[in-house]
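Below you will find the structure I want to go over with you.
Chain naming follows the written order as A, B, C, D, E, F, G and H, and within any one chain the residues start at number 1.
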């Protein structure tokens, strides 16, 4: 029933994933990765996996991104690819 | 009673009064937390209420100084005045948004806008007042607070001239009134 | 007491947590706590093995839910044996490594013991469980602890090696998880026996085939089977000795166990050797692994790295034996799990003692060690003989069965590879012995200057006792391998 | 045409999960930067989660949380009305594992950077061979 | 009642649309923040209000609490969104991003 | 490497796509996965455990053993970060700022600033004053986030969420404190030692419940055997057991998230972060 | 024929194993240490000797230690052949231990404790191999022997000895792991047993080609026997101290190789089986080639010990040849040659060692006139070489006599020719030594009056062995009986 | 009403595309941050809408709330980076 939403969000997810690994700035990667997690969370919610969505929201969007930024803060943003 | 920049309450003065003040602060936090719990939970079984009580106690015990670092007398007053201030703010926000909507959809948007940064100083003292004003500025017409420091100096980015012209103006007065400060 | 099966796993976990506590409160307590936990675990494993031998397989239902719904521990002979190996070796290693930990880890020993116990918990859980997903979680515990431990050893290169290990490890575990997913979508169950029953109707399904391939690739990555081995040498050679001594013997063996478990219990021999037909290819791969590991080991200049490549070679033995698809090969592989665990442990105990005194095990440093650490080296020599496969050490007997299995299947290339690998091991170890035992007098003087004479002494007694015990057990196990085969392996296989 | 659409609707989730997984795997194998690899790793893991959640989904079913507990005495619970909860459970665990791995890997990356002042693999290799 | 709901939702959608378009069209980072920070916030307000109203269809204590909970989101967003905006703008300033000015474009 | 990557990826993708061939349709209610054990879970969970959220019931009860190890994984991660990064060595030089005047003092290694120096603030070379607005807003928000987190922990039985999610949110609130003020504030409020102890305590609660069940004569984690210990509500004993372990998970996760964050962001020095 | 279960074989094996810790613990006190060695040697000999009557009555002593898998246990069985070999080895061990005291102290060698410990270990392995009941046990002790002699070979720890040690291991371990192990496992796989049975264990499982390959794998695999082309470890191993060369590389190690070949040929393949495929000829051919070639090489060697080593290679092949004849006389002769050659060759090595101790000379060309300086030694040397050449009145004559009879019995004229030729060659490479030693002018003599006999401890043993090999001509009884008994057993008589 | 909600949800998805554009291509990191922030706020609504579609709004409110919190934290952390580390690199081709 919700497959249009599902499909659109899934497409976004794939865009985000590609962008996250192509972009040439690690902070941007971190941010895109956050967006990726948001999308994933939405996707789980659409598919009815509320618990997973909740976890993904709290982990992917919150903690993971923060860890990521923290790690970049302590290392470097530079990347060649 | 002062608050250092790292958020730890420094207790000076009479220990009894300090304790009383902390306790009041704790109590208010507790009540607030418990109310939040009830709103969130929506269950009135004894177990849940007990859990809520414990949780609220826990949060209030460890973090009361965050919510009410300096317990003044007028919190209730401020709260009421803040409620009164809200509708006005919302109205302002809606106005601002229509303005912005207009700008956004305008075909020659780039002629309409003229971003620049203005700086002004206010006499607001308390953190909370400054923050409220800053957030209000951010939410209302075409302006975003860039920095606001504890001396009350604001740096504002505004999207066009007329938005900038309105500052600080009436908003400052309103906020100052809410928090009982001099302008 | 009926709760022994779960006690095996829970005791180390409890010890890990209490050691973690103690790390903050009174750090000296951590060591006895960890030791106690592992001792309890070993005892429970021993009890379970006895029960299984005399009364047949044990099923333990977690939380009292019947198997397909809940998680169950299903302990049969193979399980019980591996459990005893794992807990016993972990316990002995801990017994031997008090001084070594103090020397290497320094100011956070409490946490170290905690993470060590967690690692052991993971391995034991992997071995004991009868649930596919539970297996994954426990694999991840072992992996995570390994990542941390590998990075702790070498301040310089450890982190990088560990990070590469993380990538590979995650790919491996994820492949396994995917495989489980493919199984789940086809069967709807996660319990091994349950899945096996349902799978019988789906032998032709492409999903099951994919699931099988994925599971195997995942497990192979984790065990560092030949084309997927790249992580192992670095990861092992940079980890601290205490950990090395337990990860090198146990990690790969437990993964081999997982492979056997998947092959026997979940997919079934009929499926693998009748429906599918790439067993020969895997045996060839194993052959290549054996040769490759040996050849690479020849090229190494560092004892740890050399041993790491030998481990890769040994993995080839076991995988080849299992995929031989006959009883002899399987017997050999299972016996080799035991033997290889013991002999790798023994050899690394020796290496550990050397490192305790020398800090470095490049070949150039080892001159004349025998004179200085005779007991250590005696143990090392025994272990080396076992790896070469000289009777009556245990390494010979598993090789015996493996070669017989190869003959039975007609996989002569595998048998030849085994022989060649033995020869290579002989070359490798005698090269080491030559340096350690008979330093040529001309070089002797130079090397004496390197570590001022008399500075190197024998390792602490606790290390020596364990080392001696394990080395002797190599012979004992070798001599009683007939008993082991008859009491444990053959009943399991038939 | 409708058949094709039906097929696509029936399977696209699985196909897209494969694509996602390939992206992650590619990043893990071929990217030069260690943090990029980490991102790839996470994408890979999420792809698996997507796969599992897709298994669990059922059309015209509701969430696996039974509503109105006190009212259930009247009606029986039918499995077909509820989305399969088991994959969700498994994936909760998997997410936890992945975030734990992620944290540890980040810590490792910080350590690597402390030592070598770079996170690029080729530069790291160069540093190693210099030594 | 439904009419209100529809109205609120549509209004919210329009505001959000404005925000989205603004993000695309605005010439530089600082100006983009204006629609992003404000229009979206108001969009959320409107839409949540609509949904909360809809939720009150079957009026009960539970649904009332639920609606209050939704407003909690709004309250939260109203606190957080300007702060986030401010934080981003501050970051831009500190990062040394120069803002777009009319003069420059002409010159 | 790129080429190899393409080959491997292509191969893996091909295998996986091949495997999808025999899949049941997406969302098919009659797929094997939906018919076998998940059916039992859905239909029996409420009766057997009195927990309406089937996911929680399965997570914490039927497959509670998994979840225990999941918690152990989290604990491991925290421990690993501590072991990997924690650096007890003192920095070579330190900077202190005198709060009232803003004068910055430079202190060499080994020397300590006057102990009564409450007015001195430790700082790093990339120290910036924390932003007033952010600070104030976060100050207000953090208690609410925390009560929400606790709510999530407690309501794992009825709504999505549970120990892990609640713990993560609570941990995030601590992280938020560190971001909006500075890391020292967080470390002062909840010491490293406390975090370590909490992390172990959380898992220990979980494990302890399991062991108590065992001591009461049941299987490991068999909550039904807890009934004699709890005087009321023996009908919901399994739900209560689950609540207990959710609390344990929550504590552990909170502590571990804070540990990981603190260690990563300060390279293990616990002095200065984002 | 009775089968008696007794613990004596185990005791015989373990005596010198258990003495090792004692040796190590008394490493600071040489006298105590050496008396222990002597005591253990005597005990061992006595245990073995006590079994002799039982064996001579045609009985067997068996003992199973560990059950590994059916048909392949760790087990001992004492039969005539094993008894013969064990008797020779253990008796010579006593003598050698006395000799090594003199030699090692005379040269003031380093690492004496290590030396004697591994020496004892090597003897354990030798006796174990002699008493093995099946191929698995034999292989076990064979490997143990290889490993325990390695430290003895590299005893000097210089570059040369390390190179020799490497060569030694390469050949011994390489062949045993590379050839014997797979062959053995194949046997077990094909037949399900590895027991040495009088008629062999194969009963039609093997075709001729595979049997040939298997036999060759065994024969070449037991490279300790010095069969060409896997012989070159033996001359290389001569860098070891002379007691090692004497006991191990003239008696224990090489004889274990030969002994293993005999065991395999008779116990695994069985005489009938070999005859039916005419496989004995293969082995005989290889042995003949080895005999002739090694004797020729020996002619060219200048270093005394190397010359003896090549002589050993040739003599060992006599034994193999004798067994490969597959006739009663031939086999008796072959097995008898184990004993005869042992006593003869050990005398020669003792002499070489004594010369080295006394003069420090290794090369024959440097030994001009030595007979006058060391008359006793050189007399013993003469006696020993007579035995090796096979001239009466020495024990060597008897075994060679039986060999010749064997060739006649089997109608192998070429082999007879080979034996005779090589005896001539033997004479040709020994006689120049005497010539140099005794027949020289005063001017040519390289040794002044300073040079006297080696220490007492060196001289006495070599005299004893020389006398024994002399005495064996007149009293070959126990050995001859044992060899005959063994041959009868193997031929299914 | 469900159809209406669905169409609103699709509309929001469509709007998300714009924000997504900023996130994917936005010249500077901070532009991406804006995009993410905007996506986050839309997702909150989407979650609520899905809740209505499933008729289980009580569950989805929790998620939405958590989502709002955590989005805020993530954005704050990312922007906080720039408070401490200067420089946007040579990415600034936006003029």
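General remarks:
In the analysis below, contacts are C-beta pairs under 8 Å (C-beta built on N, C-alpha and C of every residue); 3 or more make two chains touch, one makes a residue touch a chain.
Just so we're clear, the structure is a prediction, and the values are computed from it rather than from any experiment.
The set of chains in contact with subunit A as well as subunit G is empty.
Annotation: C-F is the more contact-rich of the chain pairs C-F and C-G, by number of C-beta pairs in contact. Rounded to whole angstrom units, the spacing between the C-alpha centres of subunit E and subunit G is 98. Subunit A and subunit C have centres, each the mean of its CA atoms, that are 37 Å apart.
One simple way to say how far apart two chains are is to compare their mean CA positions; for subunit B and subunit C this gives 60 Å.
In whole angstrom, the spacing between the mean C-alpha positions of subunit E and subunit F is 30. Residue positions of subunit C with contacts to 2 or more other chains are 133, 137, 140, 144, 147-148, 151, 159, 178, 184-185, 190.
Listed for subunit F are residues 16, 20, 23, 31, 33-35, 37-38, 41, 53, 55, 59, 63, 66, 70, 73, 76-77, 80, 84, 128, 131, 133-134, 137-138, 140-141, 144, 148, 152, 155, 158-161, 164-165, 169, 172, 175, 179, 260, 264, 267, 274, each touching two or more other chains.
For subunit A, residues touching at least two other chains, in rising order: 1, 48, 50-51, 53-55, 58-59, 62-63, 66-67, 69-74. Contact residues of subunit H toward subunit F in the complex are 58-59, 62-63, 65-66, 69-70, 72-73, 76-77, 80-81, 83-85.
Only residues 65-69, 73-74, 136, 139-140, 143-144, 147, 150-151, 154, 157-159, 161-162, 165-166, 169-170, 173-174, 177-178, 181-182, 185-186, 188-189 of subunit G touch subunit C when the two sit together in their complex. Note for the complex: subunit E touches subunit H at residues 2, 6, 9, 12-13, 16-17, 19-21, 23-24, 28-29, 32-33, 36-37, 40-41, 43-44, 47-48, 51, 54-55, 62, 66, 69-70, 72-73, 76-77, 80-81, 83-85, 87-88, 90-92, 94-97, 100.
Against subunit F, the residues of subunit A that register as touching in their complex are 50-51, 53-55, 58-59, 62-63, 66-67, 69-71, 73-74. Residue ranges on subunit B touching subunit F, taken from their complex, read 4-8, 10, 29, 32-33, 36-37, 40-41, 43, 47-48, 51-52, 55-56, 58-60, 62-64, 66-67, 69, 127-128, 130-131, 134-135, 145, 147-150.
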